[in-house]
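Pasting a structure here, questions to come.
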Amino acid sequence: MVEPEIEDKRITLEEAVKKIPDGSGLFWGGFGYQRAPIALSHELVRQRKRNLTIYTCGSEVDLEIMAGAGVASRYEIAFSAIEALGLSNNIRRRVSEGKLLVEDYTNLAMALRFLGGSLNVPFMPLRSMMGTDMAKLSRYRGIDNKLRVIDCPFTGSKICLVPSVNPDFSIVHVQRVDMSGNAQIDGIIGEDIEGSRCGKKLIVLAEEIIDEKDVRSHPDQTKIPAMYVDYIVELPYAAHPMMCQNYYDYDLEHLMLFHKATKTEETWQEYLDEYIIGVQNHEEYLKLIGDERLKELRAKEPWGY
Amino acid sequence: MTKYTKTEFLIACASRHVKDGENVFGGTGMPLLAALLAKETHAPGSNLISEAGFIDAQPREVPLSVADTRYYYGCSAAIGLIETLGFLLQGGRIDVGFLGAAQIDEYGNLNTSYIGPYDHPKVKLPGSGGGNDIASSAKRLIIMMAHDKRKFVKQLDYMTSPGYLEGPGSREKWNLVGGGPQVVITDMCQFDFDPDTCKIRLLSVHPGYSVADVLDNVMFDLIVPDNVPTTEEPSQEQIDIMHKLDPKGIYLGKGG
Amino acid sequence: MVEPEIEDKRITLEEAVKKIPDGSGLFWGGFGYQRAPIALSHELVRQRKRNLTIYTCGSEVDLEIMAGAGVASRYEIAFSAIEALGLSNNIRRRVSEGKLLVEDYTNLAMALRFLGGSLNVPFMPLRSMMGTDMAKLSRYRGIDNKLRVIDCPFTGSKICLVPSVNPDFSIVHVQRVDMSGNAQIDGIIGEDIEGSRCGKKLIVLAEEIIDEKDVRSHPDQTKIPAMYVDYIVELPYAAHPMMCQNYYDYDLEHLMLFHKATKTEETWQEYLDEYIIGVQNHEEYLKLIGDERLKELRAKEPWGY
Amino acid sequence: MTKYTKTEFLIACASRHVKDGENVFGGTGMPLLAALLAKETHAPGSNLISEAGFIDAQPREVPLSVADTRYYYGCSAAIGLIETLGFLLQGGRIDVGFLGAAQIDEYGNLNTSYIGPYDHPKVKLPGSGGGNDIASSAKRLIIMMAHDKRKFVKQLDYMTSPGYLEGPGSREKWNLVGGGPQVVITDMCQFDFDPDTCKIRLLSVHPGYSVADVLDNVMFDLIVPDNVPTTEEPSQEQIDIMHKLDPKGIYLGKGG
């Protein structure tokens, strides 16, 4: 048998972000506090990217960073807050300033828009949003391009159609991947199955690179097959201060520091300088957080956090 | 008489609306504690679901996020949004959803998106998240809100999630899956909705408040029945269990 | 803490089939040779069910049994054959006799019809079938009720809509389930994720009942959460002569015997008498196959067959 | 000169159409052996996908079904139909699909459903399965058929799967994802399609057959180029590898 040469898709975080031109549209993976691609949002800031459009259900700290640093100018999202900690202050300020435009959908609507994109069909039907201002007001797509409420041709009942999304890039953060791109996700997947398949290019951030044999001995665990994956970035603690199941817990102290910092423009700029622009790369950021703190955050068996 | 804080009172009050065997979207914060409290007391067979993908969760510590790994250990399935919001919720299989809001109108419609005009919003709020999905498709909706007069409005700045929309027949017109709001719990009273007009109605006032207090603190007309009972107080057992569920006082506050 | 009483949803195969009235619509799980609910098709025959409508992508031996024994009169399917072994002879005869009506869809169309049913929306968009006779001819639904080809309201391009399915029952065969209904499936899932969620009632056949603790210590492996499940039937070798990954291989000898028997009405009636009507239940069928043969078929590590 | 059976010839011939690195829907039977042979020879990096849900499969024994567990061991993912036929195929990510048919017309349209009139079919064939999906959405289609004159018809009894439909512009009109048929391999010859007219065209004749044989065995007009080469024969290496892949002769026949 001729052994195929396994394509090595690994690149550095810096190289990955260089591939994303200003003005790109990005599916943004993770959900709530789980598997947020924070490190990539940092590098987008360091490389001074501009005018990105972010598509996601409900990312949190990363959306705050990209809005606060002026990286993104458009969000098509369902939710922005730090959940239990409170409102997204940066987003609130940027929206009031007119520097950030938010097109509002629901979580299910966004998940279905990604599913439609993955299926390569132009829309998906949905039974939310109807009757409310979400179906009447549009920030920039224009209401006819945001959604359509039609009479179902089969039943005659009202049904909402939301347009599919095929962004330029999908950014997904996973626990493990082999170097050809077969990715394993532990725990909830949020909208990452659909999100990883709908983008024109897929960048996977992974806590750990594993051997192809470990993938092929457990094919049921592969959540993203290699054929979807364009680039892989090995990046431990890519979600800090958020969490990654079976790898580390959220850093509540840092999260509170972050949330407090976003309360005024001045303190936000200080945070930005100290933790994002002021460091060369993710490794330096982790040094700033400190080895000891990172060790404390490591997940414990059997809880996974 | 049991001593309790306002937060403890609200959580105990909300937990009573969850019945045994029901499928519940718990979220985070007070609703989550209410759902967990119900499971630990009168509704042991209730099924706690997080929209992030956790089914039948039994967290040993209170989660801070619907996607918190604390939801994972001991749950029966960990899947994703298409499963929870699509197959389960839109599929009509969720009995109870909890929502909060910055504004509510007399039909139970909710605003969690913008304060001020849409074109020049004064405050950008979190948005729908799964809120509009839950309000559209859960069989019953339990709403929990801080009682501030400016939140109980005649006209929402933005309607994020449907209550009874424009009144009788509105939910049917839009072919919505779920049944609409059942109860609104504030730190002053409980409201329900008049089945004929779909308008908000006083259900009970909390100890220490009067019907007049409530009328002074809403900006719409309110249906007030002849007899308005006093809301049941929490038991010591409920309070003790709450604190076992949130030993660090993340939601209950440090003072406990 | 108050311990919840765990609902025990286990019933016998006979009881399960008694719950299915004549004229019901059934989603039929399994795909190709994998996890086919053969034992349930046997019991439908023994209980002389009539006028069932079966919805599936491509079941094989079970579709032959239900057509051949006159249990089902309508199929909404994509495929009928025994793949490598050849054509479905019983179906071919029953169609020629006018006793079986087949409404033809594609595999993707059927999978999407189940997905639409699971999502509780009336249709799903699809980019197959257009331009062919599949979009022009209908056996009994009427063409406007079989599908619609519309101009997409967002893009203006042609798109096909297929109506969702919410059958009276879903029948799914899995490797393992706990007694409350949390089910684990090994290997490919075919269309069983969507199929298990679209029915009004779900009957799960399982090779093995496992403890709830085994489910809750591996939540990622749960493919069907208990809340969808109405009845559970514990039934080893439920798929014989087809296969069930990690439990047993297909019985090629019996499959060939079966396929040969279907070639004429006479030999088919002999098979029916001997293997299905002539036995009281699944246990007797397995005795007829023989312990030794069943042991030979047991899956071997690490292959799973 | 290598000795070979007709089946071996066809498999070797088909395998040459698979290129390295391509994503291939293999199915079962001869196409599967052709895809596996390509992977073992000139296309080691090709990715064999079964519509049942197996991705990058490396079976050590030939499967009898697209859902056969033999596809599992060593594959890189095992998922389901929405993944393979939806995300991958309809998503435009499948390079090559293989199909057989009972009838083909001059535009490469295929019948795998009915012989005889639709209202009173003489023979019910297997139907589309994933065939129409593959013909609609794979970038290229490779068709393998037994060469019987009655199968190469001017008018199909039923059009199950799209070739070039009514000719130039037809696939575009229906917004089909894939590119249409590339080659038809029979036990007499290979056909391709004229890019201007989308009509079937003789590509090569197999050793032992003449252009006249082919013309005698189709029921439609056939484009015949001035020069029709002879189809390349299988190598001994190809035949040896085939038999390693199918040691029991399940598809190759017992005689080998």
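Remarks
Order as written gives the chain letters A, B, C and D; numbering starts at 1 within each chain.
Methods note: a contact is a pair of C-beta atoms (placed from the backbone, for glycine too) under 8 Å apart; a residue touches a chain by one contact, two chains touch by 3 or more.
Please read these numbers as outputs of a predicted model, since none were measured by experiment.
Graph distance from chain B to chain D, where chains that touch are one step apart, equals 2. Chain C has its Cα centroid 40 Å from the Cα centroid of chain B. Chain A and chain B have CA centres that are 28 Å apart. The multi-chain contact residues of chain C, meaning those touching 2 or more other chains, are 119-121, 126-127, 157, 159, 187, 219-220, 302. The residues of chain B that reach two or more other chains are 54, 72, 78-79, 82, 86, 90, 177, listed in rising order. Each chain pair that touches appears in this list: A-B, A-C, A-D, B-C, C-D. Listing the residues of chain D that touch chain A in their complex gives 23, 39-41, 44-45, 47, 54-56, 72, 74-79, 82, 86-88, 90-93, 177. Residues of chain C touching chain A in their complex: 116, 119-127, 145, 148, 150, 152-155, 157, 159, 161, 163, 186-187, 217, 219-221, 302.
Per the touch definition, chain A reaches chain D in the complex via residues 1-5, 7, 118-121, 182, 197, 212, 215-216, 219-220, 222, 225-228. In the complex of the two chains, the chain C residues touching chain D come out as 30-34, 57-58, 60, 77-81, 83-85, 87-88, 91-92, 95-96, 102, 104-109, 111-112, 115, 126-134, 137, 157-159, 187-194, 243, 245-246, 249-250, 252, 299, 302-305. By the touch criterion given at the top, residues 28-29, 50-54, 60, 64-73, 78-82, 85-86, 89-90, 109, 113, 118, 121-133, 136-137, 156, 158-162, 165, 170-171, 173-177, 250-251 of chain D touch chain C in their complex.
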